[in-house]
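The same chain A turns up in both complexes below, where it pairs with chain B and then with chain C.
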Partner chain A sequence: MKLYFKECKKIAASVIYYFFIAILVFSWFQNFRGVTKTEINWEKGIPPADIGFERPLLSKPSEEDDYFGSKVSEDDPAAIMMGVTRALLSEYESNRYATYPLGYYKAITLSDDEQKRVLEILCEITGLTEEQLKDLPEDYFPAVTGTIISFDAMSVDENGNLNTVMGNRADTESGDDKYKHFVSQVTYEHFKELMREMESIIGENGSQYSPEMMITYFGMSEMTYEEACEEYNQTISNDKVTGGFARLFCDYMGLELGLYPIFLVVLIWMKDRMGNASELIYSKKISSARLVVSRYLASVTMVLLPVLLLSFESLVPLIAFGAEKGISVDYFAYIKYILWWLLPEVMAVSAIGIFFTLLTDSPIAIAIQFLWWMVDKGVTGLSGDTKAATLMIRHNTLRGYEVIQDGFQMICRNRLLMAGIGILFVILSIWVLKFKRKGKINAANIYHKCFGHMQDKLSFGSKK
Partner chain B sequence: MEILKDTFMPYGKNNEIVIRNLSKNYGKKTALENVSVTIHSGMYGLLGRNGAGKTSLMRILATLSEASGGEISMNGIPIKETGKIREIVGYLPQDFSFYRGMSVYGAMDYLGLLSEIPDKIRRERILALLEQVNLKEDMRTKVKALSGGMKRRLGIAQALLHNPQILIVDEPTAGLDPEERIRFRNLLSEFAEDRIVILSTHISSDVESCCENIGVLNNGKMIWNGSTEELVGQAEGKVYLISAAKKQDKHIKEKYAVLNIISSQSGTQYRVLSDVEPEEKYMLQPPTLEDGYMYLLSQTEGGIER
Partner chain C sequence: MAVKNNLILAAAYLLIIPLLRGIANLDMVRSAECLEQAVILTGIFLIAPLPAPEQSKAIQDVVCTKKIPHWKILLLRFIMSMLLLILMVCLFSGIMVWKNCIFPFMPYVAGTVISAMALGSFGFAAAIFSNSVIVGYLASIGYFLLNSLGNVSEDSIFYLFSMGKGNYSTKIWLFGLSLLVIAVVFIYERRKR
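Presenting the complex of A and B:
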């Protein structure tokens, strides 16, 4: 225990730890700071400048309300088809199709033949000719389709705030004149087939025409009073006010904790070598297991400590809000989420850092972790996309209690796997350290064996 | 040269290091070859050129490297029981350094924790040792601010912290000024009263005054193991002081193994090593340990450099 505290103190005295905290605070400041206060103020009747498609999370819906918020669903196929067709027409005109292989943007340009086929698809969906498509009326598409909002739907009030006119959303019932307004000439099932063809023409993953993305981008519809009430009840009863905030907080923090702790861990272990302290430490009585575990626990603790402190910015106002309104608040929501959501992630990242640094005497763990982080960030959707090997659970919303509940078994399996990876790499690290202390593993010798012949050839060449 | 006739006792005795047929290979390179020696309590000097295998031997004894062959027991404990060995061995590596940003006390405390010394005893010992090595006033000073000598003193203090029965010190005086070297040697001598201290060096004067017994390593082989006096005696009647004119310099250097050259207004004097009486005018000199060591090297295949 003493060594654990000493290791914590050592970390607290290192410059790299303050860089780590700075990155964490910066990310928190950019993404989460103020979210709680905004919601509390909104409940009190002070809406934020940018409302978007949301409604106040903490205020009870009333039947008299004009708007109950929005949801993403496949309930309105006509709206989805309209939005997708609008996007397809725009990309066809520029011949730049946005894709996201591994989650990162890549524009695809199609050949003339492929463009010709896209045009045929557009004509089939709209029932218009190439010439008619080139000369569409200005209001052919409504101002709002899915998450795409045209400037017509926006206005600036007397205070200079930008407002979106939600009433000007896609009205899929009216306007059956295919020449004046968009009216799909194909069924939704056939439309989906055409979009699957589009996906294969583009040839990369993550375009707007994949079944999931179509719904995510264009499947937005208004919630009913009953749905809004259900959402409110979930926030108050199931989440006990704090749950949703804790999830969003962990979503943002998880993104940082999937990468940055590796710098801290690698430096802790590299410091032994840089300070010429390895031999001295290795010659001491302490067992390799105790040394690795003490340092590991210290790094995990010190990584999560600032996260815990940052959570108070949200927790304290929510406790005050609960007390004021007489609503029961879960005081421990943040701690619970940090422990089961973030801890396994930090365990995995830290253990990988220890193992590869000990094995190679180099900072290669940073490159390995960076790759994993990049791929994981790219392939994981913003919410409800947790797979068995997902490093960073994403849930980029204050809502969606049910999304977490629906995927809870998978999330549990995933977090157990991450914790397991952490424990496995700690055990491997102990094993590596044991051998290193006896001089049986020596990275310098391995490098010499691997690259020595190249070095010899090079030096031979230079002599010539 | 003393014939290595120790009888190997698998588990040795207390206050005794028994090394038998020890060898260490790094790939095709042999660092130690068939080394056998028994080291009793007191100061034991390990002499040898750079690259002779001293550090390899020291690292094996400190459990930081495994032997390729042979057996070692330290105070009756086989070397393979690394946990037990680390409990009884204190080690000061060749280039002692520690976390630069840590204070002297902090470094001692941390290393004491790694030696699993209980809190109260650790605190007491740290203060006592820092006093002993004259670093108590600098206990808040950062390691990076210490001079070379202060660093070595910190090194020896940390090696003694867990009160080891055996102390292994690798090239401890390199880079120290004469005063620091004397202080350092005295410190080790005090500690060696009822324990084993192995001091490795390529500077013979380091071991001459304080080591009762000496081992000499050359090209991985133990070419001498015996008392300091016996090693000095090797050069008895073989060290001469030759007075010669400056123009004979080249001739003298080619003919003899020159140990020292003293230039003065009256001429140049050469302290040389020779099996036969020189033809030049000479004075027979009493040998020192360095002379004995150099004579020993001259008798082995490597010989001494002329």
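Presenting the complex of A and C:
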């Protein structure tokens, strides 16, 4: 315990810890600070400057309301088919198909034969010929279809703000003339089959023709009064007000904690080498397990400490809000979410940092973690996309209690795996340190065979 | 030697880029995205760890006894790294053009080199002032990610990805800031030794 506190103090006195806190606070300030206050003010009738497609989370919907918020669903297949067809036509014309296989843009160009098949698909969906597709009327598609917005739909108000004029869907739907307006000539089920074929023609994952992406891009529709009431009840009864805010907070913090702790951990262990103190530490009486575990726990604690403190900016106003409105609030939501959502992530990142630094005597762990972070961020959707090996759980919304509930089993498995990775790498680190102290593992000799080349590139020169 | 090691890392990183994202058939905006959001990271590999070889206490003691001042060695390394950075960005951009990407070659190369230099020089400064290359890496990667995650406004002079939006004036600011940071670092090093 004494060693643990000593290590905590050592971290608190290091420059890198303040760099870490500065980046964490800056990111929190830019993304999350003020979100709670904005929602509370909105409930009191002071709307935020940028409303978007949401409704106030904390105010009870009334049947007299003009707007009940938005949702992404498959409820309007006609709108989805229209949006996807418009996107397909545009990509066909430029022969450049956007895909995001690892979350980053990749353009695919098709061969003449493949383009011919795409044209056949387009003709089948629209019921038009190649010539007719080339010469479509200007208002064939409405001004706004999902994420595609025509320039015609944009207007600038007297304050210079850019506004979007929503398309008149009713007009389009009522017009059954396939030559004047888009009217799908295939059923939604067949349309999905055709899009699956499109996916295979493109040959990469993450195009807008995948079933999930079609809904994400073009499945936005307005909620009903009943749905808005259900959402409100979830926030008040199930989430006990604080749950949704805690999830969004953890989403932003998780992004930072998936990478930055590695710098702290690597420096703690590299410092021994840089100050030529490794041999001195190795010769001390203290056991390897005690040394590794103390440092590990100290780094995990010091990483989570500022996160815990930052959560008060949201928790305190929510407690006051609950007391004012007589609503029961979960005081421990933040701490619960931090412990089961963020702790396993920090455990895994820190343990990987210790292991690779001890093994290679180099900061190679930073490169490994950065690569993992980049790929993980790329392949994970903004919410409800947790897989077994996901490092950072994403839930970039104050809503969506049901998304977490639906995937709760997978999330639990994932967090257990992350915690397991953390524990496994700590055990391996203890083992490596033990052997290093006995002189059986020496990065300069044995690991030179495997990592030697890389280690030389990254080492701090003390061996030279 | 120090520059050669960094070069190997930067080259290895450039080879990974096509595995993560597309570098073919990109229009101007997407080409800028690729160069500014992926290729500029070579600046971190090439510039941020320049003081690495002397960060061990033992080596520092030896360096202090040498006739040639340490800042001159660092300056030489910096110039070499910048030349290598320009070369690598030119090469990568050339490959992109060959792969059917459409963008104005020279302005895009210049914009990419400036953003990479800004990233690297901030890390370089952090490494010198803290006497730790890891702090340097943290400063550079932190700066990059704050931009990448949308925490830096597009109007800010610290914004790294302005080229895709057709804004080159930010690049001039970034270039000026990088030169200023580098100048401060060398003045500090000269006085320290």
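Keep in mind that, in the parts below, the second predicted complex is superposed on the first by the 418 of 464 C-alpha atoms of A that agree within 3 Å, B and C clash if a C-alpha of one lies under 4 Å from a C-alpha of the other, contacts with A are read in each partner's own complex, and residues count from 1 in each chain.
Criterion: a contact is a pair of C-beta atoms (placed from the backbone, for glycine too) under 8 Å apart; a residue touches a chain by one contact, two chains touch by 3 or more.
The model shown is predicted, which means the values in this text are computed figures rather than measured ones.
By the touch criterion defined above, A:Lys106 lies against chain C but remains apart from chain B after alignment on the C-alpha atoms of chain A. Contact with chain B, but none with chain C, is seen for A:Ala13 once the two complexes are overlaid on the shared chain.
In the superposition on chain A, A:Lys440 contacts chain B only, with no contact to chain C.
Once the two complexes are overlaid on the shared chain, A:Asn276 sits against chain B and chain C alike. Of the two partner chains, chain B is the only one that A:Lys284 touches; chain C does not reach it.
The partner that reaches more residues of chain A, of the two candidates chain B and chain C, is C. In the superposition on chain A, contact is made by A:Leu3 with chain B only, not with chain C. When the two complexes are laid over each other on chain A, chain A has residues 275-276 in contact with both chain B and chain C. Those residues of chain B whose C-beta lies close enough to touch chain A in the complex are 26, 59, 62-66, 82-83, 86-87, 89, 91, 93, 95-101, 109-111, 113-116, 119, 158, 162.
Those residues of chain A whose C-beta lies close enough to touch chain B in the complex are 2-3, 6, 10, 13-14, 271, 275-277, 279-287, 291, 437-440, 445. Contact residues of chain A toward chain C in the complex are 15-16, 19-20, 23, 26-27, 30-31, 96, 99, 102, 104-109, 255, 259-260, 263, 266-267, 270, 273-276, 363, 366-367, 370-371, 374-375, 378, 456-458, 460-462, 464. Note for the complex: chain C touches chain A at residues 5-6, 8-9, 16, 20-22, 24-27, 30, 33-34, 38, 52-59, 100, 126, 130, 132-135, 137-139, 141-142, 145-146, 149-151.
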